[in-house]
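First subunit A sits with subunit B, and in the next complex the same chain sits with subunit C.
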Partner chain A sequence: MERLKSNRAGKWLVQNPIWGFIVIIFVFFSLSNEYFFDMRNFQNILVQTSTIGLIALGMTLVMINGNIDLSVGAVVALAASLMVDIQSWEAFSGWGNWQMLPALLAALAAGTALGALNGIIVWKTGVDAFIVTLGAMLGVRGLVFIYTEEQSFFAMNFTFSDIGMSSVGPVPSLAVLFLIATVAVHILLSRTVHGRNTYAVGGNREAAVNAGIRVGPHMVVNFMIVGFFAALAGVTLSSQMGASTPNLGREYELWVITAVVLGGTKLTGGAGSIIGTFGGVLAIGILRNGMNLMQVPAFYVLVILGSILIAVLFLDKQLTRKGAEALKT
Partner chain B sequence: MAETRLKQLGGIVARQGILIAFALFLVGFAVFSESFSSTENLTSVVRQSAIIGVMAIGVTVVVISGNLDLSVGSMLSFATVMVVDLHDKIGPGPAMLVMLVAVLCLGCLNGFLVGMLRLNSLIVTLGMLSAIQGLTLIYSGGQNVDIADQEGTWFALFGRGEILGIAAPIVMFAVLAVVMQVVMSSTAYGRRVYAVGGNPTASVFSGIRRSRVVFSTYVISAFCVGLAAIILGSRVMGSQNNVGQGYELLVLAGVILGGTSLLGGSGTILKTVIGVLILGFIQNGLLLLGFAYYVQWLVTWVVIILAVWLDVAAKRGRLFSPIA
Partner chain C sequence: MTEQTQTPALRLDGIVKTFPGVRALDGVSFEVRAGEVHALLGENGAGKSTLMKVLAGMHQPNEGRIFIEEREVTMESPLHAKAQGVVLIHQELSLAEELTVAENVYLGELPRKRWGFVDWTTLNAKTNEILKRLNCNFDATTRVSDLSIAKKQMVEIARALTVDAKAVVFDEPTASLTDAEKVVLFDVIRDLRARGVGIVYISHRMDEIFTLSDRLSVLRDGNYRGTLVTAETDEDEVTRLMIGRSLSYERNHEHVELGEVALEVRGLSCGSLYHDVSFEVRRGEVVGFYGLVGAGRTEIAETLFGLRTPSAGTILLEGEEVRIDSPVDAIAQGISLVPESRKEQGLVLGMSCRDNITLPQIGDLTTGPFVSNGAEVAIYDMYRDRLDIRSPSWRQAVGNLSGGNQQKIVIGKWLAMKPRVLIVDEPTRGIDVGAKGEIHNLIRELAKSGYAVIVISSEMPEVLHVADRVIGMYQGEIIRTFDAGEVTEDSLVQAISGIRADKAA
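Let's turn to the complex of A and B:
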């Protein structure tokens, strides 16, 4: 343990155990299944994880702030419905492929606005974000059902679903989008004032206030970011399917939180990183894909994922406790 | 003088806000819908609220001790599938017994992880939510289950029958609520649960075994889920694998509406009962007024936030948070 910590790479691994885990499952699936180690399969994994991954990027910021957003799954459904419905409106029928633009803008604006609403309520009322977004999770789902009247929408313009399938060189477009977003949020979190404030607010809110950070507006911005990414995920998901359903995105909040926590972000706030979250997202993606290829029934995947989440929590607690003791002596 | 009295009045309004809102809702629905205030309708609302209510009583105990239980929805699916499936194989009595033992084991596992290992309850029960969902599907092989002889079995009593002229789910809900209210407010055990939730460190220094208390709250929560599964299974006489999906949030909404703080240490069973009934009456009233069933979700959103806001504002002494 001591020697491991003296080594820089080893130290990094202790702080980000998820990457060690990824290497293990990657080697395991590569050896045990002939179809896993394949370029096309890797592309698949990236596309499959991009939906959860995009939301997880925003959720990481909100959770480092010490808040949480449970409404992301409902926002996914709302954005998907707006995206697919608005592009087929009469008003835009002469616009050719540009008819997707107002739909895209409306979807992203709706997600960002709902994020802002959540953030402002958390800021102004002082009600816990868990409760505020729990309410929003129900309420936004209600909005989706009112808007769609329980209908599914299908995209008439096939260019829309082609975008979801397209590739930039060897890499699928959706994977490219996810990777770019990951790098962007990583830079935002690690290299900007807003990023430093995110850690400061989550680590010690009193101190952050005393240091002159406007905590309220800061939190609203992070809620807007997660709302934006949830809406973007809704757009990419509907593009993959060429359709939207009002029940889309149910339980996504659970998967996203699982990915973020696997990545080492603390629920209490103040700690976490985008590299960790990216690892958490990949871990879930590789596990689902690998077990799928090995024809493990989906039922067992649920049990295994739940157990891994609890195991990671346990391991993390052991590791941090050891770290704290080392500090004292 | 007059000003202080006004302030006191404001405090009372804020503190009892949820009761006042409840009364306003009832009056409003009664005015606008003739069938709302009929006895049959009112009892049917209470009967339908019984399943969420029974689960919410258990979750309230967990929340008072300062933790969360998000696994109750999955657990309800698991328990209902199990009791319905076993009913035809080993008979109603043994089926209920086996199901209760299985559910209590899950509760013990929750309790062990949160109580003994001190892991974060939100994440643990989130993991259990997913794991138990998987367990349910493994148990049933993905098939829906139902009871063959729906008329002849005495198992029908719990969901469809009457006890002393009152619908059985209402009786079970009421008895459980009264018993748990007494346990929480008038026994040493109840005081320990409040102490653990209110100030964990102080409770340990006063000799309370915190791990055991937390452990026990999850066992109670699991037991309540078992009771809810009996009511649900008996009413439907069958079960889908995802029957309890999303219940954890409705249950939590009821608990929060009742004014129980998620920070722990406060709240009562009776308030939770009121919270659950408010949800039930909102749902019923909106349906009777001709709104689609999903409009209630929108209304619930507003009601939850207003209720908790009032509660927080009353404790803070000002409406808006002072955060810059």
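Let's turn to the complex of A and C:
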């Protein structure tokens, strides 16, 4: 243990235990399944996890702030519905493929605006983000059903679904999008003033106020970012399916939070990283993909994922606790 | 000490309690007789609270013995202490607000029927009996959240009476009571005394101690300083025993060239917290605010830093009237506040030393959209050298540093903002003795280099050591302003007890 902490790589691993876990499951699935270790399969994993992954990037910021956003799943459905519906409006019928642009802008704007609304309510009322976004989760889902009249929409323009399946060179576009977004948010969090303030606000809100950080507007920005990414995820998901359903994105908030927490972000705020979140997203993706290839029935997969979540966090606690100083609880 | 005629209810013998870096109690011995009120005095940090926690089983002493009715005991936990007859009435009430009075009184020991159901009839009857003894006019089934603070305190006392209490410890019980409520409390305490309970009464307030106590003992710097019979002594003697001359601090006799007025406050009031406060601070000057907890000192600092809105009065910076609505405004105007509790209000403990120091000005340390690592490290290095911050690297999380180094980080953070006025609230709270001296020297040096500094402190030696002028506050009012040359400990004690200069002279 001490030796592990003494060298640099070991230290990094103690801070990001999820990557050690990824190595283990990667080796395990590579050895136990002939289809797993394959470039195509890796691309698959990236595409499959990109939806959860995009939202997790924004969620990481919100959770480091000490908040949470439970409404992301409903926002996915709303954005997907707007995306597929608006591009088929008659007003844009003569626009060719450009008819997707107003739909895309509307979907992303809706997600960002809902994020702003969540943030402003949390800021101005002081009600806990858990409650505010729980309300938003129910309310937005209701809006989706009202708006779609409980119908699924199908994209008439096949270019839209082609985009979801397209590749940039050998790599699927959605994987590229996810990787670019990951790098962008990583830089935002680790190198900008906004990122530094994100840690400060979550680490000690009172000290942040005393340091002259405008905590309320700061939190609103992060809610807008997660709203934006939820909407973007809705767009990519509908593109993959070439359709939208009002039930899209159910339980996504739980998967996203699982990934973020697996990646080492603390529910109490102040700690976390995009590298960790990326690891959490990949871990879930690899486990699902690997078990799927091994033909583990879907419900068993859930049981295993749930157990792993608890086990990894327990391990994290063991690795980071400060020996005898820790409070007995 | 007088010859024993009675068995002491409680006797301590050579109690030693150390914490990392501090010897909080250094061989404290004293005894409380059955049927007496024994006051315990000492300045903040003298070890009263630690002693009480040892008595109540919250801390285990490193050395020493505790006797109840001359039987040696160990206190393993608060519940264990209570079972043996020692009960602590906390300064901060620790009641479950949403439960009834009866449930609180018997919390953890609720009477049960078969199958583990609560025996409500017995519970409420027994509680009402105790409440009657205490002359309480509320019922066992009242919800605690519906009670006033004074009544909640009665509930705490009722708890003590569920066992055959040999000794009851009151820790600053009147801190939040009105005068009428105090009278009721004192009656209850006298009643307990008449029943033969030994009472330890901790308070800062001389008048209470002289009204209530039979004997008093004084602690200073973790040492026992002696026991006096209250009727045979006076405030002067007690004060001398409390403050003493042995403290290593020197009085501030420096003569500093004062610059122009940096901050002037005229008739500032904030609701019931403080009223009509006027003072000025010049460049090169340290102004000390001294007073008891609740005298309004911290609230004035919070107002100057934009955390409270004043109800009247004006604030002038370098002669110009300013409006300060938030810390953002205060920082922009050049006011910095090193807050009272650095861990809760000053530092982000999980962040690195460097990030904490640069936090308020991070927006100015950018190249393009990115924070400039070089600029940040340069600022950290500068203040590490200037303040002698001892940390293995700038990457070290602040939470891992000692209290003194943490405080230097907070001070460094605000110096880096080059403030026009620096306010330091309780500069050395929870800091070990060596680091205290360093912080004091630092404050003096800052003044010499031209800063206008306000120091708020509850420790008299500290104020006398660092301040050029001392402002004595009592219940939200400035009672008197002293120059360092003319201030005496007695006159300062009088000022913060509300005795004005004319009466004192």
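Keep in mind that, in the parts below, the second predicted complex is superposed on the first by the 321 of 329 C-alpha atoms of A that agree within 3 Å, B and C clash if a C-alpha of one lies under 4 Å from a C-alpha of the other, contacts with A are read in each partner's own complex, and residues count from 1 in each chain.
The rule is short, and it goes like this: a contact is a pair of C-beta atoms (placed from the backbone, for glycine too) under 8 Å apart; a residue touches a chain by one contact, two chains touch by 3 or more.
Only a predicted model underlies this, so the values are computations on that prediction, with no experimental measurement involved.
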(request) Put subunit B and subunit C onto subunit A via the superposition and say whether they clash or fit. (result) fit
(message) Looking at A:V176 after the superposition, I want to know if it touches subunit B, subunit C, both of them or none. Which is it: first, second, both, neither?
(response) neither
(request) Classify the contacts of A:I163 with the two partner chains as first (subunit B alone), second (subunit C alone), both, or neither. (result) neither
(request) Could you tell me if A:G126 is touching subunit B, subunit C, both of them or neither one (first, second, both, neither)? (result) first
(message) A:L134 in the overlay: touching subunit B, subunit C, both, or neither? Say first, second, both or neither.
(response) first
(request) Counting touched residues of subunit A, say whether subunit B or subunit C comes out ahead. (result) B
(message) Between subunit B and subunit C, what opening angle does the Cα centre of subunit A see in the overlaid model, nearest 10 degrees?
(response) 70
(request) Figure out whether A:M241 sits in contact with subunit B (first) or subunit C (second), or with both, or with neither. (result) neither
(request) Check the residue A:E206 against both partner chains and state whether it touches subunit B (first), subunit C (second), both, or neither. (result) second
(message) Just checking: does A:R214 make contact with subunit B only, subunit C only, both, or neither of them? Give me first, second, both or neither.
(response) both
(request) For A:L319, select first, second, both or neither according to whether it touches subunit B, subunit C, the two together, or no partner. (result) neither
(message) After the superposition on A, what does A:L309 contact: first (subunit B), second (subunit C), both or neither?
(response) first
(message) I want to verify one number: the closest Cα approach of subunit B to subunit C after the superposition, in Å.
(response) 5
(message) Under the contact rule defined above, give the subunit A residues that sit at the interface with subunit B and also at the interface with subunit C.
(response) 209, 214
(request) Provide the residue numbers of subunit A that touch subunit B in the complex, in ascending order. (result) 70, 121, 123-128, 130-132, 134-143, 145-146, 150, 209, 214-216, 250-251, 254, 257-258, 261, 267, 297-310, 313-314, 317
(request) Write out the stretch or stretches of subunit B touching subunit A in their complex. (result) 113, 117-120, 122-124, 126-135, 137-138, 142, 245-246, 249, 252-253, 256, 262, 292, 294-298, 300-302, 304-305, 308-309, 312-313, 316, 320-321, 323-324
(request) Report the residues of subunit C in contact with subunit A in the complex, numbered from low to high. (result) 305, 307, 327-328, 330-332, 337, 339, 344-351, 355, 359-360, 362-363, 366, 369-371, 413
(request) In the complex, go through subunit A and note every residue touching subunit C. (result) 187, 191-193, 196-197, 199-200, 203-204, 206-214, 270-271
